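One chain, chain A, links the two complexes that follow: it is found with chain B in the first and with chain C in the second.
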Partner chain A sequence: MTPTVFRPSGAGLRSAAGFLATLALGLALLFGAPHTLDTFGLVQCTGFAALAMFGLSQGFVWGFAGVMSFGQAAFLGLGGYAYAVAVLNLGDSTLPVLCAIAVPMLFAALLGYFMFYGRISDAYIGVITLTVSVILFQLVNATSGSQYRIGAAELGGFNGIPAIPALNLPGHPGEPLDTDGIWYAAMGALILVYVVLRAVLASRFGRVVVAIRENETRAQLIGYDPRLYKLLAFTIAAGVAGLAGCLYANWGGFISPTVFGLPMSAQVIIYVLVGGLGTLVGPMLGAVLIQALIITAGSQSVLDSNLGLGLVLVGFVLLVPQGLVPVLRGLSWRLIERRAGKAAPGPLATETAR
Partner chain B sequence: MDLAGLLAFNVLTGIATLVLITLGLGVIYGMMRIINLAHGEFMMLGAYTAVMASGAGVNIWIAMLVLPPLVVGVIGLVLERTVIRFLYGRMMDTMLATWGVSLGLIGLVTTLYGNVVRGVSTPVGSFDIGRYGASLYSLVIMATALGALAAMFGLLRFTKFGLILRATMQNPRMAAALGVQPNRIYMATFALGAALAGLAGGILAPISGVSPAMGAAYVARAFITVLGGGPAIITGTGLASGLFGTINELVSFKTTPVIGDVALLAAAILLIRLLPQGITGRYLRRSL
Partner chain C sequence: MTLPVPTGLNGVPLRPLIEARGVTMRFGGVTAVAGVDFTLGEVELRCLIGPNGAGKSTFFKILTGQLKPTEGRIALRGTDITGAEPHAIARLGVGIKTQVPNVFNGLSVHENVFVAASRRKSLARTRAIVDETLTRLGLTGIARREVGQLAHGQRQWVEIATVLAQEPELILLDEPAAGMTHEEVHRTAALIREINRTHALIVVEHDMPFIRMIAKTVTVFNQGRILVEDEVDAVLADRRVRDVYLGKQAA
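Up next is the complex of A and B:
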């Protein structure tokens, strides 16, 4: 399941082409969707964008840093709740968005310190993160009653926080964005996060993170501290998940403890697994595919969604462990190269042989 | 004085519950290095077996103590043959696959029996500790937990099967060279772990609501205890249950059960920072 790291020049070109194609598609969606979709479709796509960002967070921490965070929902939930509590208290939504990013990052830094500096094994990290999300779920679930309030925001236990004010332009509280505005905010943020993560991965820091995933001992012998790099990657991913949580809360105007639940953590793992581990496009694509599947299954009520998700998860682990995007990408490049190879056998052909 | 007695009784009950819900997970992890994320759902299946059997008129003790381990053991066997055995040596994939199994089982049981909470009544009454009443059923839980620990110890320490099991765990290639089929042993171990989870589900059915998602309420504590225990299955489970059970019950008594779980998690995270390999990774390393 380990993707390739070092890309020879030809692959670098492909990677850049893939990046530009993704960016172009994203921008086309951003500006095209409000004109082509009705309100319901647009709202649904806003939800997809929020969950795609959640997928990006898991895809980054698991696929590139090699940290098996099985409780990424904890950060989604913390982000959502942080936004809800802050915006209910402050009114203006600018600071709450920053809170939604900062609170999960702080929590991840603290938790990550104990995990990475304790040097526990990968599997233990999976178990601890999973456990943390379960316990957060139970904790937030138990906050029903008016005594559990932070400022003006009542946490509401299992019923969650209803009527969360939507985003507004900085400095204009009381003028929340409409459906189109929220879409632009969510999709714009998704594109921005994608570009930022690509830049992080292309930077020196990102290369060290990937090197540690490939061979931790070797990276350490060269002089990098794997604990620190893993901790930073884990914290960045938590911030992305937090922002996704903020968008998720905006999408429904409502947040409840189910965002912390095991099904949420499982879903995002499935996004990454279906889309492709070690890619950034894959998790986004997986999120849209799986969510569309859940919605269809839910409206048809032929199959319990848990049962469907479980079958998809087991099926992909057993049969397509590398995920859809790498498989499709490999196929399409082979096709293109075969055509190009017929026309001009030469440099490209040697490139494939490598 | 009465209060102290009651508290001590509750702490013992908490420890016994922890032993029961952890032992199956510990056996599978300790022997095969597989973290079975479907553990909670195996317990759920055990609890459903108990509810269904007692509803069908089977003697309550048989329905709670005998049928659940048998049924869930067979289910574990089938899953090992159909899913798990293809993934040996790929730890992450086994975790993902068992997570898939977990979701699938929740979905399946929801489809078959609906998302409702069922229950069986406790078969025994209560007794008094001074001015306070305590449930006799707690004694049943303690006896079962002790029995399960002792049986596992006896199995691993004194039988030929236990010897082969430990040998395969230590060095599967050497065991294979001596004529053991490691695959058979893994299969048996997985079924055994599943059966223990089933037993835990059956015995806890009367004191917890039985619903498709009930597993999630227990898995967090079970995982923490396995991590805290470390490589030695029996000793580790016993010691970690003792430590975490005490913390959990005392904090729960002072505050609420949810805060008790939070304290349990905090204690575990501190513990793995100090002892990354768990208690038996540092102390009593040669025990079982």
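Up next is the complex of A and C:
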């Protein structure tokens, strides 16, 4: 950064401050949660972390690349199944985690190649991705019986794969991580992926991806091939969803075809809408809020939980269409500016810049 | 790929910068461009005029690869670019300001120009180009503003800035003065003359006083064909040109 050329703008400062605040909160949760929560609470939070990563995947591909991938569950499921099958065969979890990222990415690269290079329009990309997730659901659902096995792993059809070995430290396949360890892995991975995606978006590649979302024709006319950038963004998002699937499988030690299901794809869209389209924090926050709401709704019997979820979505679309994070961000900055204006008008901005 | 070009002279260069032969574009039963032969030399400035629907913008879309011509060939410095992808043609050095501004509305002025400047360049070089372009077009003061919130004239300038920042060899401007104030029109004309010192340009415009300010050679389109191509004064005095602008059919 050369300060003489690059005058730090208000937006840039805010963005950096938001990033640091999110990072600090994430790290506080990472190290604080095992000391404050009981085992049940920690396991629940591990599930939240896995779904928050799933939300990140949808938030990135839809909110930043503008690709209407509405079957993101396909990649979540592929990641989960890839981990389960690989770890049952190999024992050590290191390679299976990589499989959980690589398999969905390869699948997305292939699917994306035909969609983007075949010039399928945005709306049809939504239809195709959704359909592919349903096909995968049906496919995996139909694998009941011992003849459907990959190596030592029986796919198990609609019953899924039970007793999936948990993550272990690389090279120690006999010592799976305990609940604390899985939490550290899940939350640590979530923070890491968030930081990586922020870096991707700040890079020139990321700027072009966002520019293509804004105006594909202009991007083309200055020499960028939108098909390639969309394909890469779609593939990256699939890798993130795959890792989320791996964590999801670790969280329950179990995976079934429901991970491919329509409710999964629909829920992650709701996470993004509630949290805020075009942000990374929003989808994570949305995931935690909606999941907490689903759990609460499940433990009461006054209102059908799906109906409740639907009402929440309709309420958000009508009343807070931009989502929670943009609204909260705007409010907090206005508050800070007002305070700063009263106390010390000038220096505060430069202080936070350092 | 540098040729000894007689710049500053009106002599014909050895090889044309862009050459279109028999370019035809049909949409169903409508022929928007019909058998157009068009040649532009290095560092030449050409104005395209003609009534609405004459095929000027369609011709621009064919030159930039947004449309693939039904018939005909187009060559850029001898390289056949007929039917190539828009990004491939852009990489060969063709930049266009479209009739309806195509800008990145959600991004700032600075980001718009940055994205255009940064393709295959070092960060230092990119920043230098961005600073230079913003200064050149007087956009430094609004560099951090979101483009979607700017006035139409300013958005036009942002688009011209993105085109310049990509450092093209040939610049196509489709109605650059549309929606601009009197003063902005003058600035645009001055800018075009300045760009023309080093670059070839094709400018589509309806504003005749503006054409007089910038033009040397003018090509008149009518009903998808080239009606006349001559010096600006001869063209503007031409009876047939007045007739097509007034809606009469050319004989």
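FYI, the second predicted complex is superposed on the first by the 332 of 354 C-alpha atoms of A that agree within 3 Å, B and C clash if a C-alpha of one lies under 4 Å from a C-alpha of the other, contacts with A are read in each partner's own complex, and residues count from 1 in each chain.
As a convention for this text, contacts are C-beta pairs under 8 Å (C-beta built on N, C-alpha and C of every residue); 3 or more make two chains touch, one makes a residue touch a chain.
Treat the numbers as computed from the prediction; the structure is a model and nothing was measured.
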| item | value |
| --- | --- |
| Chain C versus chain B on the shared chain A, clash or fit after superposition | fit |
| Which of chain B and chain C A:Ile128 touches, first, second, both or neither | first |
| Which superposed partner A:Ser305 touches (first chain B, second chain C, both, neither) | first |
| Chain B versus chain C as contact partner of A:Gln220, first or second or both or neither | second |
| Touch count on chain A, higher of chain B and chain C | B |
| Once both complexes are placed on the shared chain, angle at chain A toward chain B and chain C, C-alpha, multiple of 10 degrees | 80 |
| Partner chain(s) touched by A:Ala266 [first = chain B, second = chain C, both, neither] | first |
| Which superposed partner A:Leu20 touches (first chain B, second chain C, both, neither) | neither |
| Touching partner for A:Ala28 - first (chain B), second (chain C), both, neither | neither |
| Minimal inter-chain CA distance - chain C and chain B, angstrom | 10 |
| Shared chain A contacts, counted only where both chain B and chain C touch the same residue | none |
| Complex interface listing, chain B residues touching chain A | 33, 35, 37, 83, 86-87, 91-93, 95-97, 99-108, 110-111, 216-217, 219-220, 223-224, 226-227, 256, 258-259, 261-262, 265, 268-270, 272-274, 276 |
| Parts of chain A lying in touch with chain B, wherever the complex brings them together | 1, 68, 70, 111, 114-115, 117-120, 122-124, 126-128, 130-132, 134-135, 138-139, 141-142, 261-263, 266, 269, 273, 303-315, 317-318, 321 |
| Footprint of chain C on chain A - complex, ascending | 2, 5-6, 9-11, 204, 207-208, 210-211, 213-215, 217-226 |
| For the chain C and chain A complex, residues of the former touching the latter | 64, 66, 85-87, 90-91, 95-96, 98, 102-108, 111-112, 114-116, 118-119, 127, 131, 144, 159, 162-163, 166 |
